[in-house]
Each structure stands twice: as structure tokens, then as C-alpha cells.
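Structure, as C-alpha cells:
Think of it as A, B, C, D, E and F in the order they're written, each chain with its own count starting at 1.
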Amino acid sequence: MALLHTVNKSPFERNSLSDCLRRAKNGSAVLLIEDGVYGALQGTSASDEISSRDGSIKLYALGPDVDARGLSEKPLIDGLELIDYAGFVDLVEEYSSVQSWL
Amino acid sequence: MALLHTVNKSPFERNSLSDCLRRAKNGSAVLLIEDGVYGALQGTSASDEISSRDGSIKLYALGPDVDARGLSEKPLIDGLELIDYAGFVDLVEEYSSVQSWL
Amino acid sequence: MKLGILVNEGPFTHQASDTAYQFTKAALEKGHEIVRVFFYHDGVNNSNKQADPPSDDRNLVTLWSELGQEHGVELVVCVAAAMRRGINDDLLAAGFKISGLGQLVEAGIIGDRLVTFGD
Amino acid sequence: MKLGILVNEGPFTHQASDTAYQFTKAALEKGHEIVRVFFYHDGVNNSNKQADPPSDDRNLVTLWSELGQEHGVELVVCVAAAMRRGINDDLLAAGFKISGLGQLVEAGIIGDRLVTFGD
Amino acid sequence: MEDWEEDEFDGPVKKFMYVNRKAPYGTVYALEGLEVVLITAAFDQDVSLVFIDDGVFQIKKDQETSGVNMKNFSPTYRALEGYEVEKVYAEKESLEARGLSEEDLVIPVEILSAAEISELMDTQDMIVSF
Amino acid sequence: MEDWEEDEFDGPVKKFMYVNRKAPYGTVYALEGLEVVLITAAFDQDVSLVFIDDGVFQIKKDQETSGVNMKNFSPTYRALEGYEVEKVYAEKESLEARGLSEEDLVIPVEILSAAEISELMDTQDMIVSF
């Protein structure tokens, strides 16, 4: 029983990534989608908070959203894995339930 | 030439109040409307930032929005003035231009 | 003072249209001139005459429509934003009209202030 | 796996409907069953057949409509949310139907997972 | 509310958790979310309702909406009991950050810590967040 | 774009500032906001375009949108020059907080400090924020 959390907003605009990280238990997964993928960038004012959970939770970002925003060449935080929509479906199957931090 | 800034989002959800306060010059006015009125509460995790500008900028909140959210009996930050829609119109006239921090 | 009003969100989902309506009404009551209310982005949905909220809730489409007709306020819906969202002349409530983005710019040029309401 | 999908925003303004569509398509391609796609809040605007975006942009209403018809996926628009926003049977694109909120709950009961897309 | 026949449905019972994270009136999510909660209860499901983040403002007492010309729907939360929705929680940390305490609320709720709410979330079949 | 006759309009020239604060693709504001900028320029107004906060992401280079099936509109920013929109600024602090520098951008812009942008804002007739 572990949850998949999705975050779809930029951590520079909203607090939903922080709100999620504060509640996500060890062993759960956080998937960054849409504008949430800005949270995957390394070396920003937001990256320390998410990096600090590396190892205790699994971090994913949706590749098509990373590409759309021109971030494919930028360094992403360590331990984060890029997936596509099919990988998103697999994560939904793998975890017991999904919480969307809208 | 001084601006009227409006903020319509909760400071606990979004960063627009911070974004506004960082740019609002001394002598300008900040009007909290809609969910922005939560920024008017005293004694919250967000109130220090806005309180620190008291005196250098003029702070207003839209009374009807304060009442709708059940905040009329709660202590609001010092120096903040409650206005109605007619007062909002007066502020628009008084300042040279309006920037909405959407 | 001559005011232009920009409404960027539809009715019900965000308070933007409510606030814009109350502001516009207050400005008219104070004797100011409303150059134009321009509906952009999802704001175009404020013109959909089929909106039928529960009877104990406000109907923003009707409120705008009446304000426009009673005070002769121009209510302009952006054509490009409206096409994207499936709003056309058949759906338009009384008092609204569809026109180009130039109408927003013109309101800014003619008006003394432009006030934006959005999400 | 049996999946319920909840779409809470309309087309174009937020990416929610795009992501929900791509997710649903990927799930179908993997052989999963989509119990139902339920459109709530501004999500009801995804069913407006009059949506006419520029020709070089995607048309989400058409995309959902085709997905629904080709794969027999139920596309249900919440009646209460739709009435508020002026969406009725006259505006409904092929493959969509209007029904009650109970259809969302039922999708949650029947499905193995419920995935929400919104703002 | 809508038409449905309670006795039409005879399926399994699942654990549904509704996570309310948004303030009322600024957006419609709180109001339309509440409608989903009431319908779910009518399906005899195991419903939990959680108020976290700005969602705790939904149950702030003294809401007076005549000035904004919107419907005050906060009394509807009192109807939850009649629908046998009894698992209603608010998060301690969210209340404190917003300067609120139990006396500020329009309905009695159980106050849980963030850690306790995370535990509860983990045991749900379906989580829907408004 | 839309139909209008440039020479129909013969009014005063005002200072319009468009403040872009939102990331592209997650919402439509960046795209529809750009359409307003182009129309304003066609009215021969004094247009300034400012990218602050997440708005700086609008002009990130290398946008590749085929995977999300959306239209990549970032090349349109290059058309600004053709419309004689020459006052294009990005905020230093916003870029730095997001790990971006001038080399990351799809168009040349003038980098200003937050204080300088505040000064500029103060001198405008009309400010529209998307």
C-alpha cells in the first residue's frame, strides 16, 4: 500500500509540490506532470526541497512535458526518472491509489 | 505616478502576494481581493511578509470578500484598511495604473 | 473617469467574473464611464445564454446581460477566444457582441484605466 | 486494470484535458479497460461540439469524441455542472452523454483506480 | 442535488477519501466537491472527508456572502451527519499555519496531524482531491 | 490572427506594458497573451513586454511540443521584431531563481533587475498581466 502522487504546477508559482512532499510517505512515488516538471530542474530555488526526499520517495517526471518546455538539455535533479504516458499508466497500476495535488 | 496592485490568491496556495510585494514600490498600494484576503489575517505563516511593508505601502482588503470567508471577527494585520467595491473604484482613480498579480 | 474592464475567466469556476461585475456596477453608480467590458480567454463563457445555474445561485450571464442593456455598456467577446471554446452568435446572450482583440486595445487607448480580472 | 478518469478543466485553458486524453489513449493501447471518462467542473466544456480552434492546433473535443467512438469509451458529462455552464444536449459532440454525478462514484466503485486531471 | 435511486445500487463498498485543499468562493471546487461527497455517501460507501491546506477555510464559521452575491454553502457541511458521513478530519498543521483553531470551525471535526492524515490516505481505495 | 485595418486607427499613443508571469503550455495564457501583444503593436502603440516569474519560461529555447500534441508557439516571439516590438525585458532575479541565463532564451532580451522593472512599470499608462 503506497501512493502515487501527481503534481502539475510549477513550484515557483504554487505551493502544491511542497504540500505534496510534506505528506508523501517514504516508499511512495511523486510524478511531476504539466507545469509541475519545472520542479525537476536542478540548481533552482526549489530544487533543494525535492532533492532532500531523493532515496526515501521515488521521483518521476513526464518526458513529453519536459521536452515541451525546452528542459531536455537542462540538468535534472539526481535520482529523477523520465517516463512517457505509457509509463504513467504503469505507475498508476503499480501503486495502490493516486492522489492528484491540484 | 504610483501603482495600485491587486492580489486575488491565497498566500498559502500561491506565490503571487510575495511576487507582488517584492516589486511594489514604496508609495504604491496593494489591494487584497477574492482569496487574496487570506493574506490580511494576522498571526499566520504568511503575515510577517506583508506586515513588514506596512508604512511603506498602503494595504487594503475588500470587505465583502473578508466577510464571505468568515474572517470579519479575526484580527487583521495592522495598518490594513477594509473597503467596499466603491472604494475599489476610488483606488483605481487615485493611482496612475493597475497591475493585477494573476 | 473612463474605464476599460477585462474579464479573463468564465462564470462560476472562478470569482473573477463576479468581482468584475460588482466593480463595474459600483463604477457606474459613481458616475464613471465604462468604455467597454472585454471578455477574453475563458471569459468568453460569460456570454453563453444557456447557462442555467441552480435557482438559489446567481446567474452571471443574466447579470452582465442586464447591466449591458440597462446602462448601454458594451460587452465584447473576443472572436478568436470564443471560436476555440465553441461560443458563437447562436449562444450569445442579449447585450453581448463578438468582435476582435483590437477592441481590447482600443479600450486601453480610449480609457483612463484598464482593470483586469482573472485567475 | 479497470480505470476511471476524471477531467475537471475545459479544453485549451488548462493542459488537464490534454494530459487526460494522452493518458487514456496510452492506457487503451496497453490493453487496460476504461470504465468511464467523467467530465466535471469546467471539464464539461470538453463536450462542446462548436469548439473551432485554429487549424494548426489540436481540437480536444474532436479527439475525445473520436476516442470515445472508436474504443467504445463512455464519455459522461455531469448534468449539474453542465447546466451551470450552458452545456446541453444540443451542444454535445458525438460520443458524449450527459448524466448524474452518481456515474463518477460508480466509476470509482467499479474501477481499480480513479485518476484525476485538473488545475 | 440530483436524481438517483439509492436502492438501485448493490455493489461493493470501497473506501473513498475526499481531500479538500481549496478555499471557498475564490473558485467553485469546494462547492462542487461537496456535491460529490454527498452523492458518494448516498451510494453507501465508506467516505472520509479531509480538510488540509486552504481547504480548512471551507469550514470556517461566520461566512456571510451577501456582499459578494454568492450562495453561502457552509451550512451544507452540517448536513454531512445526516448523510452518515462521520469521518471528517482537519489537519492540525494546516489550521495552525492559518491562525485557526477548533473554535473557528462550523462543524465538529477530528483534528489529526499531517503524519496521521498521510497514514489514513495510504489505506484508501480511491482518493479524489478538490 | 484577426482582421483589422491598421490605418483605420488614428488616436493617441499610449504606453502599454504586458507583464508575462505564467509558464507556457500548462495554461493558455502565454499563447493568448502573445496575440494581444501583436495586435497592440499593430495599433502603433508604445509596447513594452516584460517576462518575470514563471513568464521567463515562455522564452526558453528548445521547446519541442510534438509529445504533448500542442502547438509550439515559441517561434512567434521571434516575430515581435517584425511588429516593431523592441522593448522586451526579462528579470534577472526570476531567471536566476529558475537556473536560467541569457543563453537559454529563444530571443535576445534586455535583462533588468527587479528594481529596474518596478521603475519601468510605474511609468506605464496601461499594464496588462497574463
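FYI, contacts are C-beta pairs under 8 Å (C-beta built on N, C-alpha and C of every residue); 3 or more make two chains touch, one makes a residue touch a chain.
Given the structure is predicted, the values throughout are model-derived calculations rather than measurements.
Asker: Where the contacts of subunit C and subunit F overlap, which chains show up?
Answerer: Of all the chains present, those in contact with both subunit C and subunit F are B, D.
Asker: Have a look at where subunit C meets subunit D and say same if over half of the interface residue numbers show up on both copies, different if under half do.
Answerer: same
Asker: C-E versus A-E: which interface comes out with more C-beta contact pairs?
Answerer: Greater number of contacting C-beta pairs: A-E.
Asker: Mind checking the centre-to-centre distance between subunit B and subunit C? Centres are C-alpha means, answer in whole Å.
Answerer: Computed from C-alpha means, the inter-chain centre distance equals 24 Å.
Asker: Need the CA-centroid distance for the pair subunit B / subunit F, whole Å please.
Answerer: So the centre of subunit B lies 26 Å away from the centre of subunit F.
Asker: Where does subunit E touch two or more other chains at once, residue-wise?
Answerer: As it turns out, subunit E has residues touching two or more other chains at 25-28, 53, 68, 70, 125-127, 129.
Asker: Enumerate the residues of subunit B that touch no fewer than two other chains.
Answerer: Within subunit B, the residues that touch at least two other chains are 8, 12-13, 15, 34-35, 64, 84, 97-98, 100, 102.
Asker: At least two partner chains per residue is the criterion; list those residues in subunit D.
Answerer: 8, 12-13, 15, 19, 22, 41, 54, 57, 80, 113-114, 116
Asker: Name the touching chain pairs, please: which are they?
Answerer: Every pair of chains meeting the touch criterion: A-B, A-D, A-E, A-F, B-C, B-E, B-F, C-D, C-E, C-F, D-E, D-F.
Asker: If you look only at subunit D, which of its residues touch subunit C in the complex?
Answerer: Touch residues, subunit D against subunit C: 10-13, 41-42, 45, 48-54, 57, 61, 80, 83-88, 91.
Asker: Tell me, which parts of subunit A touch subunit F in their complex?
Answerer: Subunit A reaches subunit F through residues 8-10, 12-13, 34-35, 38, 41-45, 47, 63-65, 67-74, 84.
Asker: Which positions of subunit A touch subunit B when the two form their complex?
Answerer: 12-15
Asker: Which part of subunit A faces subunit E closely enough to touch in the complex?
Answerer: Touching subunit E from subunit A are residues 1-3, 15, 19, 22-25, 96-102.
Asker: For a test of understanding, state which residues of subunit D touch subunit F in their complex under the given definition.
Answerer: Contact set of subunit D toward subunit F: 12-15, 18-19, 22, 54, 56-58.
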